[in-house]
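Each of the next two complexes has subunit A plus one other chain: subunit B in the first, subunit C in the second.
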Partner chain A sequence: MKKYNFYFMLAAAAVMLSGGCKPQGPAGVTTGGAASKVYVAPGQYDEFYNFVSGGFNGQLAVYGLPSGRLFRNIPVFSVNPENGYGYSEETKPMLNTSHGFVPWDDFHHPALSTTNGEHDGRWAFGNANNTPRVARIDLSTFRTVEIIELPNSGGNHSSPFITENTEYVVAGTRFSVPVGENRDVPISSYKENFKGTISFIKVDPQTGRMNIAFQLRTPGFNYDLSRAGKGPSHGWFFFSCYNTEQAYTLLEVNASRNDKDFIMAVNWKKAEEYLAAGKGKTEKVRYAHNVYDEKTHSASSTILEEVTVLDVMELPGIVYFLPCPKSPHGCDVDPTGEYIVGSGKLAALMPVFSFTKMQQAIANKDFEGEFQGIPVIKYESALHGEVQKPGLGPLHTEFDANGNAYTSFFVSSEIVKWNVKTLQVLDRVPTYYSIGHLCVPGGPTKKPHGKYVIAYNKITKDRYLPTGPELCQSAQLYSIDGDKMQLLLDFPTIGEPHYAEAIPAGMLKDKSVKIYPIEENQHPYVAKGEKMARVERKGNDVHVYMTAIRSHLTPDNIEGLRVGDNVYFHVTNLEQDWDVPHGFAIKGALNAELLIMPGETQTLLWKPQKAGIYPFYCTDFCSALHQEMQGYARVSPAGSGTPLKFSTGEPAAANQ
Partner chain B sequence: MKKIHPTTRIVILISALAMISAFYIPLWQILMWAPQYPEGLEMKIWIDNITGDVKIISALNHYIGMRPIELSMFPEFSYMKYILAGIVAIGLLAAGFNRMAGLLVYILVIVGAGVAALLDFYMWGYNYGHNLDPNAPIVVPGMAYQPPLIGYKQLLNFTAYSGPDAGGWLFFIIALVLIAFLLLEWFKFSKSKA
Partner chain C sequence: MKHLLKITVAASVVWVVSCSPEKPRFEENSKKNTSSAVESVADPTKGIGPVKHVTLSTPLDQERVKRGKDIYEMKCEACHRLDDQRVVGPGWKDITKRRKPEWIMNMITNVDVMLDQDPEAQKLLELCLTRMPNQNVSVGDARDILEFMRRNDGEQ
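Here is the complex of A and B:
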């Protein structure tokens, strides 16, 4: 008997050692046909553009789908020495704030503009989380063209989310903060002094120009994510809220006590009525509004000092609360606009609310109480139903065009497909590992393009070759054409991807700008031809009107600069041909280089510290004679009498 | 002198009027492709202008010492419109004159103008392709860059094509049709009348 036991244990140990009890390895998950579904042959185009937030790199990455190839990393909230964004005189104002120049931020959510609730391919908006701002990126130039700062905000996380016709971009504060004149208050006075703020940024339908139309003053807790209503629920916004406990320390514990937090439903049409009726209060604030002008190729920054505030605790009918289990994160509205999905990070189920039922509950005053004067609708009265045991740690939900929802589960590391109407779970696939956001092309719109769901993962561990302690984040592409989701591709990402959107390539491809017409260049220091290239001194400021064309810079010999000068190299790229940028760099410059697109003018400020000869050159391999595209600047000591001279292609005169 | 067949007369009239369109459509085209220009570059020659990727072509040509293409290089542009107007006028006169001699003169003028234009284009191309800046960045000994007169030619990394555009084809077809009617006049209409 003993012997039998021994053999049994030995066999059990052998099974365990052989790995029989380990979960199935990731390599076994893809099936044979996957490669051909993501293969985009050389010279062929991808089907979708995928705009992926860079998280802590502050930029917006552009990938192709289904290949996962990276095309561009658009600088938005962080400086980018490789093309001079945030370093050139023209782009420095883009990163100006009420705090001064902020060279970095944390970009979480892109939002593509819509008309009638469908993608229109005009702009992408993005949020700066740390120093609250919203940016607008032009999808014909793939450049950041506007950044607006948000006063009364801390941690601009529930942002930017847009209404059906891009009437508004909203930005809700994550941190509640003290508002008003005196902000030097004890942290422990949170309940009394700290307030939430939701900013409604109006977008000009023609130019895209943003301005803060009004702010909603809301109860002091955390506002996490948001979605606009659409179709029948157009005119409403939904925000997930956590920390209704109003904790200000150790939130991990103290903000997880309440069984339910809220989804805040905002009737913004009602807010507009109050605004029109003059119920808004003008408050003194300071925030920057930065705009890039495509004609002068320069940004300007204006500090604005007023904002109009509507207090939802005093103005009834703007805001209602829907109880939602356990610290909701995602708060997503399905394509019909009828269903609102709450994702309680710590909940074992997912509630789906019905907009129609919510409206009835409001009409019938079917409230379970109020919070700081705001009605709290009875949970059951607005509830369409609950998705039971969907997974652990639901975060975000996207939708296809067939009535299905796809929810990411951080803790159980999977995507779960379920039916919005029946609330039945239909399929689940693992992600590698710990998915955050996910994206179905057109998922947040009225007409999802479908076809794929992309997971954006926080942890990659053993998925790629290791690169020391700091590893890449990743995206994973799954087909959603069939009943079952199918993993097709892994690809690493730059930065930490949070939310992403995808749009059919055909909506952007043909309107992509190729060059800037030189005749439309209105830069104050443009040289629209080599004959206009020159050097002018104004006191200690020296302006070099330089031109670049294959394969020389004009002027390429400059003398008469002095230590202590501010030398402005205004470089105009005279090319009018597609894909011929020129670069400019000079030895010892304490900032960065310039990349100048055809027809554009950009300026590098150089402050020479020591007398000597300084080489400069074109940094973008522009032509067969790129390596010849260079020049010299001579710097003489301060106060020296070396005459100001400049030339290109002329034999050197006698030594001076 | 012998009158022409009424159909011939109408054809002459229509051809003269159709040629007025040559004031408004490109006459000739030059197309270029290279590995870096898969989409191709084009240059369109009009009665008094050159359009298309002229700046880009000039920028590329500077490597091999070819001069930038500018309107002032072509004195032809100042008088070509008068020649065309003259041809149209001769066509209208020939239709009014209604005689074989008129048709003959009209055809000779059209063909003569076409040959002269090609000869002129060849001479410009020869000069433009051979008369190079000796200080050009790239000098290939013995290499000249005369563009093709008609058809394709490989010039370093570029494949160049030269040929008629809509206006050129119009002239060519008109000439063919008129010659056909001239032959009809000689061999058919004259006999049937006789």
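Here is the complex of A and C:
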């Protein structure tokens, strides 16, 4: 085996060396048994789950590390015809908003729930950028179970970031927008009318259920990214802000003028005090709250109409500004909770702030001025130090458990490892190409799991076989075990990967739900056994209570349907064994198919347009007799007298 | 005839193994399970699984019959008729006369092992060609189903 690997790599290296087309051929980088470090033998498990945002595909992909194998693509904010998410009657409400049904969004940042600042393996949260929402995904089912919309927000980018016990998920607006009753205002009235909003979503510690506890009204500019404090800084949140110029056009020029923008430090415990003292103002808004019930296998959507707002420009002590060079993007807190790293996209250095020094500066009122009534702390007073000439275009920073930071540099296309205390650059490796986010397993927690850093790149150029104008997206896995980072693996990703988190496989794999017990199924249209399978007509609505088990659907002959009917196929999978989903599809359906897990009921609405015979069948290869798992529906013209009939196993009476 | 049967059984063992990729390979399997093999040699007609001995009593426990019927309708009826007609699986008529109660309950609660190791179960798979699914039935529930089967076979 070893010998084989060796020859293979030798050959690979020879090809790479001889080929002149690779810019800086990775041959030199991937020596030292890289293949054996990512090889997970057939039948063996990966060491980590990697939850990777899909960006504009609106989904959350799950990969194994170190192999880079794709396990699942969890639909979150986008419909998924492959399993009926957003198409089945049960899941449609998940994508409801105050604007109506929104079938797509842009998912940038997953956040795994924590207890005491460490991963607890319960939920993943994710943000929708475009129509602002936050989703919760259950890590025992790998399914989206809740989505809450965010009023007063536009471009929900600094989201979702969580406090150390998942008390709150925060969601900051990227765009400032007009708030209040009248939103029909000139764009040029930005300074007067446009405001920022930071939503604090409370998370129920038992159920995970989310609700917007309060919103902070903040000055009108852009809020980019965020991290919660932890340990000594628990109770605080930090947000990077840009466009303190308050530009509303050609931001690439007009929002890049100021030498320094801000990191906004938020004392959320103080905000809670104001809230308890009744300082919040109730505002009329509209936003959707969608919850999936695992017992009824159905989602419900509720439109809520009020939110409580705390205005930080009127309520002193909630917010302070830290000056930060040149349009900061990443704003990352180290595992000790003491250091806050600002990454100015256009800056030639990276400031690292000290939480202790910031607190002293606040106590001493060591301010250089104020912005819209909010104190601006003197830069030097809160500064731990600067990382000098780290690279070009710093974006994001993750941490290991040994006091080191790993920062991604978009422009110079590299990962730079540096020591948080000494601020010395220790190592740098190229990425192929133009890295955006990066991930160290457990990197944002108090106890990083370490071992790898993964780069999520914006450009792949020549790294993979070409696939037309649209090339594949990719990630790269590096070992961080030694002093030197080592490139181990390129792996393609789907959508566009932004942020990602990784968690040890052992924290999730034994909690995975295998089946839904049929006894506990409370779906209003469940058929708990073939005896309950039937067809009922109520006016133009026809409800088919259908069961699926290897290898037949019941009923599999249905007659008496009419053009103009709304036919609801409520399909219950009677199986109680792991990994035996059944599918359901019918010819001419204008929506999608269903994929029904064992013990679950899902509903496909079918509106037949023409008289005739319509085949339906199971779409998920389930058994040796899967191709026999099929049936027919007969549709007669509107107003026809064909009697309603259904059966399995004995033919329906002929010649009707 | 006897010889032929042996070959058939052996062939069906091989077939079953080759069709269940999640299972360890057959050689390892038989080594690992020597103890249960010994047990099944002790009384192969009881099958393999958690159920070693069942005490039947007469008259039937009507509560059990009722519960067994409910479970049957929810989890079994899709494949098993109450008469002798085979649909996906064999009809249940006279099953309590053909099989030991322990075999029936082991088949219900330990179906994957039964299909891989019990010669009688393997014969049924060869006949029906669909692996009986694990329907997540507890031993207690299987006992209720057994009582319902006895009722179905005419016991009072």
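The rule is short, and it goes like this: the second predicted complex is superposed on the first by the 628 of 656 C-alpha atoms of A that agree within 3 Å, B and C clash if a C-alpha of one lies under 4 Å from a C-alpha of the other, contacts with A are read in each partner's own complex, and residues count from 1 in each chain.
Methods note: contacts are C-beta pairs under 8 Å (C-beta built on N, C-alpha and C of every residue); 3 or more make two chains touch, one makes a residue touch a chain.
These numbers come from a predicted model, not from an experiment.
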item: A:625 touches, of subunit B and subunit C: first, second, both or neither?; value: both
item: More subunit A residues in contact [subunit B versus subunit C]; value: C
item: Which of subunit B and subunit C A:531 touches, first, second, both or neither; value: second
item: Contacts of A:515 with subunit B and subunit C, given as first, second, both or neither; value: second
item: First, second, both or neither for A:361, with subunit B first and subunit C second; value: neither
item: Partner chain(s) touched by A:307 [first = subunit B, second = subunit C, both, neither]; value: neither
item: Partner chain(s) touched by A:549 [first = subunit B, second = subunit C, both, neither]; value: both
item: Which of subunit B and subunit C A:285 touches, first, second, both or neither; value: neither
item: On subunit A, positions contacted by subunit B and by subunit C; value: 549-551, 575-577, 623-625
item: Complex interface listing, subunit B residues touching subunit A; value: 53, 55-56, 59, 62-63, 137-138
item: Of subunit C, residues touching subunit A in the complex; value: 73-75, 77-79, 87-88, 129-131, 133-137
item: For the subunit A and subunit C complex, residues of the former touching the latter; value: 515, 517-519, 528-532, 547, 549-552, 554, 574-577, 580, 623-625, 649
item: Residues of subunit A touching subunit B in the complex; value: 549-551, 575-577, 623-625, 628
